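The two complexes that follow have subunit A in common; it is paired with subunit B in the first and with subunit C in the second.
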Partner chain A sequence: MNTTTRRELGRLAIAAAIGGAGASGAAFPSFAQGSNPIRIGYSMSLSGGLAGNGRATQLAHQIWAAEVNARGGILGRPVQIVFYDDQTNGGQVPGIYTKLLDVDKVDIVTSPYATAMIAPAMPVVMQRNMCFLTIFGAGVNTAFKYDRHFNMNVVGDNMKETYARGFLDIAAKLPSPPRSIAILAVDNDFAQRAAESARFLAKERGIRVVYDRSYPPSTVDFTPTIRSIAATRPDVVFIASYPPDSNAILRATSELRFQPPMFGGGMVGPQLAAFQQQLGPILNNLVNWDVYSPEPTMQFPGVVAFLEKYRELAPREQADLLGNYIPPYAYAQMQVLEQSLTRVGKIDQAALAADMHASTFETIVGSVKFGASGEWAEERNLYVQFQNIRDGDLEKYKRAGTKVILAPSRLATGQLQHPYGPPA
Partner chain B sequence: MDPDLVLLLNGITSGLLLGGLYAAAACGLAVSFGMLDIVNIAHPALMVAGGFLVVVIGTALGLDPLLVAVLLALPFYLLGTGIYTVYHHFFERRGDEALQGLAFFFGVMFIIEVGLVMAFGPEQRFLDPPYAYVTWRLGEIDVPLRMLVPGLLAMAAIGALWLFLQRSFTGLAIAAVAQDAEALRLMAIDPVRIKRFAFGISIALAAVAGGALVVVQPVEPSSGQVFIGRVFAVCIMGGMGSLPGCILAAFVFGVVENVTATFYGPSWSPAVAFGWLLLVLAFRPQGLFGKAA
Partner chain C sequence: MSTTALARPATAPAKLQRGLAFWLGALAIGIGLFLGLRGLGNDYAYFAGYFILQYVVLATAWNILGGYAGYVNFGAAGFMAAGAYTAIALRKATGLDLLPGIVAAGLVGGLLGLGTGYLTLRLKGVYFSIATLCLSVVLQTLVVNWDYVGGSRGAYVIRPQTIDPFTSYGEYLFIVMLVLAIGAVGIARAVENSRLGRGLQAIRDNERAAEAVGVPTLRLKLVATALCGALMAIAGAPLPYYSGYLNPEAAFSLAYAVNAIAMPLIGGAGTWAGPVIGAVLLGAMQQAATVTISSALNLFIVGWMLVVFVALAPRGILGWFRTRR
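Our next item is the complex of A and B:
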């Protein structure tokens, strides 16, 4: 089906990366004059703290665009991606979307990576009644209640009651059901919602919260915090952290030989290749939220072929080497757009939104159906456990058996190993 | 032993170790900001740039990151003299160093961050020496070498610098230029040359701090932003231009942060640490070791 050569894909991606590296750069893959491309615009964090995931998202989009154009485009028109680097600065985002819509006059807008960057774009997008397909937001539309907002993320629209459910379901399978939990979360929106879910569900199950604190993103040393958690002797530890902190937390936990029966939660970072490479066996038996693992239950049509392409281009594009986190979802985000545009037959924001509300989309991350709020109608928070890790070699993360899925049960591929942190 | 006492002792120990990293990051600034009155807000970014080079060179040659950092000190010294030459030519010489000089170093900081993203990508980079995974157990006290070894290197570098400033003619000239640059001219010493040399030393120390940072944690292009507030606070609390003061303030900062995190949660750490800064300045506006004007 795909006739695009690897070299063409690489060229497109490199052009995109170079064009988007500055605050005002944009990538315009060349087309014949008069080809009247469908222009898809967005802001993306290509530098700054979220750039790791931003670049991976960008690369997945470029792969999709190259494939679509090789197939003849959508509605007979090629697609063209117009993007600007928001430098992980939410303050830049409204201006970028204003420019995309008023100056560049793009046909479609999609979002930057994650909640903190999506929220500032919402007022601009809503003012112009655009259909807005976002990536990895969490509850952004709770405040805006915009009926043309759709979010490609597994968390669903009731994070409080669902996010940590899988984690606590797994904990319930420990030889001694947990009676106490420690919760630590970074001061940001996603992590606080994750912690709120753990707190709510723990209370519902009669699990005593023995430590419940937040930390500022500027924290350098987590040794005292982990030691304080250890002093409360929790049965289960739920951490909601972001990349630089996740690394420091796991290092401190290892150094203090803190080995509770179950440790993990909603840590963002262990999903990424750089973490897996560095931390190696420190990840053993960590039970953590995730979105994709190459286990047999997640072999959706097209995902393996996509990841092969992605991994070939990733080193050159300086993106996450494995692509097991956001890239399949970024590609699926564009598949949703493609399928909706094809069905609607024209660029009509109201019709696109109506179609996205009504349809089920077949993507490389499985069937996707959006609920009334634009979140996935059915959440799919994965909880995986890192098992049998002896080193930082990344090859094993391309195969089944390393990030074993423990929840939800319909996708589970293994059994819980405990406690956290024993040597492999 | 009483569990609270164990927590306290470990909080103090880990705080001292963290203070070692802060001292490494702040000592270069103690020279440029404290002695030369140059508000080099790009210092943490230069430290991170040093960290990236340490990772690249150390990985390629299989060398210890701290050794690479020491080797990088010379090229960073030269880089520092180059930066100062530009700064002096366009700002200091014209008397525009206050606001425009600050803007210049902001610009340098952004250029370094974006340059690192373009050159190395936004992903975290690391280079872990074997000792980074070793923790000494001294009774109830844990001492991770990941924190101890970089701290010791920082102390050695600061000690060498202090001896140089105290014992050598050029070192005394640097101390003199901090007090009265014009008086140096009367002694036939070019203050610009001395300042260029001192600024070069401060950037060389940024390279050493970069190596220390790599051992403690992985680096990414924006890692320096976490340290901007802390390193300036350490310099001010210690007393402008005082290296012993810088070390003491770094330890105070580290211990206050970690003891607070231990007993009251990490959310309070920065507030309490910066609260101590205000407290010190209220009673000693010149800082712990600074000399009253």
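Our next item is the complex of A and C:
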């Protein structure tokens, strides 16, 4: 039997005290206040599964901060961003936010990227009554009902009835209107909500659901799945997937030469430069959910200049090379904050929240108005089609005419091409 | 036979005295920690403390089966998630709060451990480890498809902002975890000093020989798996209250499984103090790394520490101190 003697415990206590002093010194650093900046704190996934979008968000925020500081700051004070990497681990998030608020004493908190990381921050933020402007969450506030929560995302607060509407509107324009739909979704929050919307709206429009399945995120081979979807001969296929599986699904579909009249849905991945580079013509005629495309109808003031700056810095920061997905929204998120702070004239969480509820914000992604739940008052789910794609060259994604907007109709810039599949 | 010879059984009064000293020491450390952190006056200290203490419980639990009996359990994340989801299900079904959730998690984890033990303990070495890894995968698949506890969408637990008589919910969670950690270490110490512990160590050294001299190996291993499962589940029960939202990816995170093994090995497996030292050291380093260098270096640190310790101090920090004595 191993026993620990008192002498050993004594030695250990000394070792622990030395180690502990080092650790606590590192965990509670003091920050120089100097010029009294406005400190904006958040946690961001800079490593782990969400790091791709986390890095892009972070870069957009840095660009914004540099520009604001060059203009003389906000309310005469420079802005300083304080951030920590949550490693795509929700368990790290509450600790990081308490550190930001209690130790670093930041003035404002914003969110990490996406629902699974935003939700663990909510209790901490709510306890301190902070105004919380988040990015790309989905329905987080449905559970918390916090009146100082605002979310920068195009999906709005009624995903079930609105998310897949654009997709089915486009499908209705096929030469023979669709009578059947196949739905495939990965087991995660966002994809399940997307699939629920497709299911609900298809039923409402009398489109028969001939295939409706979910798959675990660890799935790697989709050949059997695509074969069974093809066997049901659907008129349209709606897929809600995340990057690794989006890639595998599109490759399997291409290899099996499955070319239904319309294919796509809420796939996350094809919005990113790495996908566009790797998949090339496999993306041709894919109709997919998106948030931004450099089409003439989305040339909001400032967005071109921002993207130029972003693309210049992206390779060095190892962020998405094009920035056509989250970065404009991340920049716009900070614009909302800036405009609100300027209007309120001081750092007052209640006043900031009241202002965000009441105002319309002019940003590089257009006019933004928040509804009662803090989501966008009016949803803007884009459905784009990748047209005339013959290779993986990224230059064409910087111009109009590649990711053509088909829905909503007020932003549409082209007509549906069908069926799905690489150009002849 | 173990590298350290079996100590002579202590006489009853000496044992009682050592037990009393341990509990008084634990109480003093507990009160000291509480007062010290309250003196710091910020919630972050409680959250960081919670983060480290949950690993003390988890590592101690792992040590009961892995350290004493030599059965390496890769399914720590699975047991921990079972505890977390028990707390969520109980809250949803009955509205009961954290403390009943911890008790229920302990029961579920214990039964799960017992069942796993019964089914898998005929496997030895790496085969047992693979079976525990499979258990984690099976549990995750179950949770992902169980809509009642949120399924793949995750579950929200809206906790109260404060709870009397504590200054904040963070403080309450910290105190709960502190009590659990002291309890877990106390249990591990009791196991170590009992016939059960000696039997488990005999199993670790040579199971056949132990069986031959009359150690009831199956029964002891079942007690160990049940205890290990219960304590791991207890470590997970407060997790949904800590984060307010839990999805299967977070609950079954690889970090828990890796840390549960690395911490006892670095601290010194097979002793009650080893996992505590490992958890405090590695947990504090990871928390410090998160808020200072702030990068993916977190698991990298754990990996390197493990390599360094396996190479230089294969019996952990405690073993290193012993060999220097």
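Following the convention adopted for this analysis, the second predicted complex is superposed on the first by the 388 of 424 C-alpha atoms of A that agree within 3 Å, B and C clash if a C-alpha of one lies under 4 Å from a C-alpha of the other, contacts with A are read in each partner's own complex, and residues count from 1 in each chain.
By our rule, a contact is a pair of C-beta atoms (placed from the backbone, for glycine too) under 8 Å apart; a residue touches a chain by one contact, two chains touch by 3 or more.
Source: prediction; values computed, not measured.
In the overlay built on the shared chain, the residue A:P419 is in contact with neither subunit B nor subunit C. By the touch criterion defined above, A:Q278 lies against subunit B but remains apart from subunit C after alignment on the C-alpha atoms of chain A.
Using the contact criterion defined above for the overlaid structures, shared-chain residue A:P243 touches subunit B, although it does not reach subunit C. Applying the stated contact rule after C-alpha superposition, one finds that A:D187 touches each of subunit B and subunit C. Once chain A of one complex is fitted onto chain A of the other, the partner contacts of A:P216 extend to both subunit B and subunit C. By the document's definition of touching, of the two partners only subunit C reaches A:M122; subunit B does not. Shared-chain residue A:G48: touches subunit B and subunit C both. When the two structures are aligned on the shared chain, A:G95 is found in touch with subunit C, with no touch to subunit B.
For subunit A, the partner that touches more of its residues is C, with subunit B and subunit C as the two candidates.
Residues 46-49, 51, 187, 214, 216 of subunit A are contacted both by subunit B in one complex and by subunit C in the other. Residues 2, 4, 6-7, 42-44, 46-48, 50-51, 141, 144-145, 151-154, 156, 158-159, 161, 168-170, 192-193, 197-198, 201, 239, 242-247, 249-250, 253, 255, 270-273, 277, 280-281, 284-285, 287-288, 290-292, 294-296, 298-299, 317-318, 321-322, 325 of subunit C touch subunit A in their complex. On the side of subunit A, the complex with subunit C involves touching residues 1-4, 7-9, 11-12, 15-16, 19-20, 23, 26-27, 29, 46-49, 51, 83-87, 89-96, 98-99, 101-103, 115-116, 119-120, 122-124, 126-127, 143-144, 186-189, 192-193, 214, 216-217. Against subunit A, in their complex, subunit B makes its touches with residues 3, 7, 10-11, 14-15, 17-18, 21, 113-114, 117-118, 120-126, 128, 133, 135, 142, 144, 146-147, 216-218, 220-223, 226, 229, 254, 257-259, 261-263, 265-267, 269-270. Touching subunit B in their complex are the following residues of subunit A: 21-22, 46-49, 51-52, 54-55, 88, 187, 213-216, 218-225, 227-228, 231, 243-244, 247-248, 251, 254-257, 272-275, 277-278, 317-320.
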